[in-house]
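What follows is subunit A paired twice: with subunit B in the first complex and subunit C in the second.
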Partner chain A sequence: MSHMKTSTKATKDWLNTLEYREKNFAREKLVINPAKACQPLGALLCALGIEGSLPFVHGSQGCAAYFRSTLSRHYREPVAAVSDSMTEDSAVFGGQSNLIEGLKNANALYSPKVIAMFTSCMAEVIGDDIKAYLGNAKEQEAIPKDLPVALANTPSFKGSHITGYDTMLKGLVECLATARQEDKINDRLYVVPGFDTYTANLREYKRLLKVMDTPYTLLPDQSDVLDAPNLGTYELYPGGTSITEMNDALNAASFLCLQTYSTPTTRKYLASKEVPVESISMPIGIAGTDKFIESIAKFTGKDVPEEITLERGRSIDAMTDSHQYIHGKKFALFGDPDVLIGLVSFLLEMGGEPVHIVCTNSTPLFKKAMESLLASSPYGQGSTLYAGKDLWHLRSLLVTDPVDMLIGDSHGKWAARDANIPLVRVGFPITDRVNLHRYPIIGYSGVINLITMIVNTFLEEKDRTSSDPYFEMMR
Partner chain B sequence: MFTNLTKLDLKDKQCMSDAGSPKLCMKALPGEGAERSCAYDGARVVLMPITDVAHLVHGPIACAGNSWDNRGARSSGSQLFRRGLTTDIMENDVIYGGEKKLKESILEIALRHNPKAIFVYATCVSSLIGDDVDKICKEAEVELTIPVIAVNCPGFLGDKNIGNRIAGEVLFDRVIGTAEGPNEKIPLSINLIGEYNIAGDIWGVIPDLKNLGITLQTAITGDAKFDDIRSAHKASLNVLICSKSLTNLVRKMEISYGIPFMEGSFYGIHDTSETLVNIAKALGDPDLLERTLVYVRKKEDETRKIIAGYKTLLENKQAILFTGGVKTWSMVSTLAELGINILAGGTQNSTPEDFQRMKELMDPSAQIIEDTSSAGFLKIIAEKKPDLIVAGGKTKYLAHKTRTPFLDINHGRKLPYAGYQGMVTFAETLTRTVLSPVWGLLKQEFPPKESEQDD
Partner chain C sequence: MSTKETIDFRKQVVEEVLEIYPEKAKKNRRQHIAVKDSECASCAVKSNAKTVPGIMTARGCAYAGAKGVVWGPVKDIVHISHGPVGCGYYSWGNRRNLAEGEIGVDNFVPFLFTSDFQESDIIYGGDKKLEKIIHEVVDLFPNAKGVSVLSECPVGLIGDDIESVARRMSEELELPVIPVRCEGFRGISQSLGHHIANDAIRDHLLGKGPAREIGPYDIGIIGDYNIGGDAWASKKILEEMGLKVVNIWTGDSTMEMLQNGHLVKLNLIHCFRSMNYIAKHMEETYGTPWMEFNFFGPTKIKESILKIAAQFDASIMEKALKVIEKYEPQMQKVIEKYRPRLDKKTVMLYVGGLRPRHIVGAYEDLGMEVIGTGYEFAHNEDYEKTIPALKEGTLIYDDVTALELEEFVKKLKPDLVGSGIKEKYVFEKMGLPFRQMHSWDYSGPYHGYEGFPIFAKDMDMAINSPTWKSIKAPWSK
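What follows is the complex of A and B.
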């Protein structure tokens, strides 16, 4: 085998051919421009949403530094976390001494109400038993016996950030909640947003629940932690689901999970504790939001308030005003399973055609769900889901089978640029635009926001590229 | 985050003779806060700016996924270096080993991406499962016509500095001196070492070198091409930019190729001039030296004139300076040139020498930041109430939460600050930062106190 001797220009052109696309899709071992993050990052995000909770990475420090900077760049906020900095010695002797010393220091320095401990790959590969280590740490009085420490095994060579989120959430409930007692069942709906990086989505859920007069707990709730007001001082623990509500979680009247693919472990655990639990897709688009509202109304037994009906009416009005800009347009999308289901459902409602759908962290269940969603609409007939593929595959799709717009996170910008199409940023991480996490994409107001982003981007493009006769005041 | 120096486990006690001196020589304290990155990150920082090679990360998704194009190193040519290439180690690889996958990935890259060479990075997981990256690279090289270079830098070896050094060794052993053809020195030529072209820094320096008739053989590694680094041994002089993370490399090049080295910095007017003059001296060409002396005087005058307006606005502002390492001392004099006083200064990844130099340049009354954790940092902000903070991105949002103007001087920035032109950009950006109306808005009481409402 010899290295191809071609000029850079020729290589570039060749990369845009169908011949290359075929070779690219035959690629199995190598991942190019991945569209997923790893388990501990998801665990870290989850852990931040509990009051007084300190995320603790059992593993090598580099990973932890990466997670923090990735989250920090998305939210433009400081992100707290510690690591027990395992080194070569730990690789040989196990990480117990690091873990114990780390717990001692972390507790002394940060006085957390709960420590959320999760592993990096390194700890997983050497097979550290964090549960046993924690027992020993408490035995040695490294931390007070009654300081809760939630545990999650989050090896990155399995699953993705959404798996880690799920495992940590289960760990937190397992650690903090007291056993379910039939005579102590509370009246609250515990609402689980899932791996959701929009602080505005979380606030919007809370607003809707309030409008619908629902006794609820959002679990976890990072909205105040990662979108803290500037009051002149830095708070290490600026919010989150309260410990009291955590303690009472298994006594919930019911659980409602708003993402399917980032919560299966938690749901299974809840079901095993005989807690009623329901899961729906992320409420993106009208149908998705309707389902959410219906679920809540079913829970409260109350009528849907007029305020919500009016909101829905306004969103649909916005859709009618702008459907012509999306109808018949071709889209490519990439991202996490739950977000993709929501976005595709929204596009189908608008007559948009989601031609290429790339999901690096796909599962067989998701594949089935997406395929049946696509089959349900005439606009989904020309669509293909590419499960387990990366952004380099996506690039091949875009240059050989062009679409009008790409929807995904900031990582998509190279592919969009090579294909000369606009990228509308939805997902995680968004590191090259400001404030997008402060606009909800869920609920009826999310519908309006999505329309605004997508349609105005198209119109912007039109103005930028149109010649004099076609440049006009009205669009 | 919180560090109590007396409690620390030191590998080398001498380094700590000075309060607040950098933590180069110690392990991170477990549980203290994960501010510091790892050896893999350090190696990648040094090698990744080589633009026309492929950088393949042999590890689980995040090592590559989180660091893919995250540094703002710019390239004037190939963009191949920014592609996120990884073997994405999965559970099966952990059980059965990932060598076969690695080999196939290397071949795939060689065949389809037209790289000048392939660097293969080992990470924690690939090292722990016992994959022999060296062996696989050698095997692959037999089948290919390009170099395939193993970089053994699993994160658990330690922090960034160790990774920097590993990268230096890799360059020395596998790249420098491997060019074909005659080996004679190129007259009046230099290598810039430890200059990564963050935000395009190097492009602010090249025009001055050109004007003076100095040839830049290559930068190690900003905007570098693989073949130029192969010929780096033909340069007459190595100029180590600020950081000493690659000191091992220049020492070895001195011994093997007889290339002397000097240190320099292109931040600030004074340091830029001094570095250019020192280069001229070191190159030993009287003509060049004369030219340079005249040139820098002219450039200094021009630049000072341009920044005079900014200086008036910034004069006597009080700053806290905290850097990840490289430019600490140079930043002290750069800020001084704008009339800014330093209330407190500190550094995290610098060498003890860098630290000493910074200390000498600062006003004796300036405090040395000993506790370099977030908590220590917040404390010092509360005590000193600075007009601005000049630091790396990790401190940015902490500064904002305390309502203090902040300027990023590490890789998070988007503007080049090197050279005379860079100084103008720096002055302009700093002025915009400090004088933003936003800070005034933040300081307003709300709701206003009664008395204020009256007048």
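What follows is the complex of A and C.
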């Protein structure tokens, strides 16, 4: 009988011990507070970024409700999605009749330009063939034959939100783009942001591409959908990558994917269609942004404009102005692979030490990339990546091997509080602070924003905790 | 408009809105919408029926009802979201049901425990994994009073036997392990999840607690989930009346509260929809009486206090009257402050559980009128209780679709809409004041005398916020 009763106080203290940490890290099956969501949420986010696109969940309606609520809480925006409300009888007979009736109603009510259909667990477990069902739906004239319906299989028991994003993106291109024709290659760079929950990042990409005089298409582009202006009217489809540009996607001069780990399926598909495609890490920090700018310049064949060099210079100025507040400081981080690579790279550039890095949805490739990044800097020598671990592991790390700051999404606030350190919120979801998605963390302006958030949090802590004689005007 | 004209106009609105549907869906939806009229011939709305596929519904699933509502707030039990990561992730930390206790020791409300199903678990089954997980829970959280296993869709579909795992583990660990068969595909909304959750309490916990004497004034609160501290505000009133609140289900609740729910003189049920099953069971099996109460707004609070006190002796009635005497002047001040700012303002609601009817009185205390209301997952008896509380001409809609609600709001032009997070930003984009009435919009409590001033302040803030005036640019026509 392993169930021992101990006093509350004794257990509380025990949670902070090395012994507990060891026990905690020894667990094999139980997952506690993971930093990952499931595939269909990513598929929904992706689908929102296409003009007139209606996300359609083939599965239980509860899934759709959960995805919509979660995204609405982060963005503080309406999130549209329908489901075909499968219940017990679908479990027995399959979900075809729900799918067909659902398509018919969705089309009649919401007049979408494209339906982005993806699955949740139920449909996947019973083995529904959405491609065949869709054929039958069109056969039965539930929807017009020419209404595009993109498909993605996104079971929640595989991958995470970032893989769901990838699968839906591939499905959308597959559905909407016409075959590549060598005589119809356009002049545009198709830029894929990846699973990115900062509308300001997307706007910043567009600004930089414009400054660099690049013919481009951002694909998908949720910036106007999830940061819609309040003009006194509600629009169901307030923006997104145009259908015309989607149709022309395979004729792209080239593709540039700005995240590595949320785009492999799409990249593979593009490559199979002989579309030139490049992927780089999410451009967070100076080196990451430099890489992004160089990739664009390589594409356009033009010199990097002076304006960008000045912008870079201003962010370098911000770095040198404030390096002293980050240098030697110890950090813990958690989040998605691409965000983590970017943040770690940025911290190393500032002389910060990313001591504990937790990535629940890690992959072997990511592990290798992160470890080589850490090895490249003297500030990364004391760092460890905890692949596949969760926020309860992270808590053990924080209380037994303390750091100065935690960086991650809102779910990190309990661990940060237990460790008595500040949490700087970066990632998804951020549900307990406003507007953070409206400040870019990518590009040179992202560098300045990250410095602002991190350094001012340290300074605020200092002011809040210093005794009278040390409460100074200048910090 | 006369009442007759209002009724006719709103009936006309319903017909117009239904025109958007294809034939089959139109026929279905027509049964769910009504306008209250004098004969009330059209008041009967169909409820608790399947949602029309392909439309935007606010409804959730059985898992959401069982884990998100009923089981989640039981703080000293480790709740395992058994299945893939998503359901647990999305129901994690978002219902604002507050709980006291040492986090990670005897309070697990802010946690997500999941078995994080992978493809291999679908193929080979998750029962072995579940056993291992329960062992790990007990090792890492020795003060947990039990473990619940809340099954997600795949668990039922692949035929896992969580009941026998739970039975085995209970015996081996000498600890309650409770299987809750709340797969999301069961039923047509959250509602079945509430029922399933209640049945699990009945079958596995109720009547199995440590012996306890029943004091003469011991009572339980059932169906108060302590959103933003609601249950604490209700408890305060009841204890000032001289009663002793020994159980709250399930806000800030413990295993023992669930086990001993029947050991009270009276159970007071706030959310009838989610908890009526167990209240009725306790009455039938243990003879524990129960009654409904409503602690929204001074009028209903007073009515409820008197009704509750009437179940006890004169000393309680005396204290009850004192409570009313003490707080009514304070509430009067709140009304005096806010009524001039809110008088005659109209509201449209769309919520779940008890709120579409219980809150009506609180709005009326502020001079406001509810002109439309409806439930996400009600049953017939909920509408039977609701319709008498409504004015003639009130629009009643069951499982209203996003598009219907938008159209109804555009045509009835309320001053305030109260619904959930999925609806909030749609209406705010229309420039319409909105409050999240599932979760009190990051505020609360709204229950009790402590809650009413906050409710009044929040409604005033929403409706009279100067921000709405800035929506139109001065240069726009």
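Please note the rule applied: the second predicted complex is superposed on the first by the 474 of 475 C-alpha atoms of A that agree within 3 Å, B and C clash if a C-alpha of one lies under 4 Å from a C-alpha of the other, contacts with A are read in each partner's own complex, and residues count from 1 in each chain.
One rule holds for everything that comes next: contacts are C-beta pairs under 8 Å (C-beta built on N, C-alpha and C of every residue); 3 or more make two chains touch, one makes a residue touch a chain.
Keep in mind that this is a model prediction, so the values were computed, not measured.
Engineer: Following the superposition defined at the top, how do subunit B and subunit C come out on subunit A, clash or fit?
Structural biologist: Overlaying the two structures gives a clash between subunit B and subunit C.
Engineer: Given the touch rule stated above, what does A:69 touch, subunit B (first), subunit C (second), both, or neither?
Structural biologist: both
Engineer: For A:101, decide between first (touching subunit B), second (touching subunit C), both and neither.
Structural biologist: both
Engineer: Which holds for A:156: it touches subunit B only (first), subunit C only (second), both, or neither?
Structural biologist: Both partners, subunit B and subunit C.
Engineer: If we overlay the two complexes on their shared chain A, which of subunit B and subunit C does A:57 touch? Say first, second, both or neither.
Structural biologist: In the superposed model, A:57 contacts subunit B only, not subunit C.
Engineer: Could you tell me if A:381 is touching subunit B, subunit C, both of them or neither one (first, second, both, neither)?
Structural biologist: Neither partner.
Engineer: Can you list the residues of subunit A that touch subunit B in one structure and subunit C in the other?
Structural biologist: In the superposed arrangement, which is not itself an observed complex, subunit A uses residues 1-4, 6, 8, 11, 20, 23-24, 27-34, 36-38, 40-41, 56, 59-70, 72, 76-78, 80-88, 90-91, 98-99, 101-107, 109-110, 120-122, 125-126, 155-158, 160, 228, 230, 232-234, 392, 411, 414 for both subunit B and subunit C.
Engineer: Under the definition above, what is the set of subunit A residues touching subunit B in their complex?
Structural biologist: 1-4, 6, 8, 11, 20, 23-24, 27-34, 36-38, 40-41, 56-57, 59-70, 72, 76-78, 80-88, 90-91, 98-99, 101-107, 109-110, 120-122, 125-126, 155-158, 160, 228, 230, 232-234, 392, 411, 414
Engineer: Along subunit A, where are the residues that touch subunit C in the complex?
Structural biologist: Listed in rising order, the residues of subunit A that touch subunit C are 1-6, 8, 11-12, 15, 20, 23-24, 27-34, 36-41, 56, 59-70, 72-73, 76-88, 90-91, 98-99, 101-110, 120-122, 125-126, 155-158, 160, 228, 230-235, 392, 411, 414, 418, 431.
Engineer: Would you pull the subunit C residues touching subunit A in the complex into a rising list?
Structural biologist: The contact residues of subunit C facing subunit A are 20-22, 24-25, 50-64, 80, 83-87, 89-94, 102-106, 110-119, 121-122, 129, 132-133, 135-140, 142-143, 152-154, 156-158, 172-175, 184-188, 190, 401-403, 406, 420-422, 424-431, 471-472.
Engineer: Using the touch definition from the top, list the residues of subunit B that touch subunit A in their complex.
Structural biologist: 1-2, 27-41, 56, 59-68, 70, 78, 82-91, 93-94, 101-102, 104-105, 107-114, 124-125, 128-129, 143-146, 155-159, 374-375, 378, 393-394, 397-398, 400-403, 442
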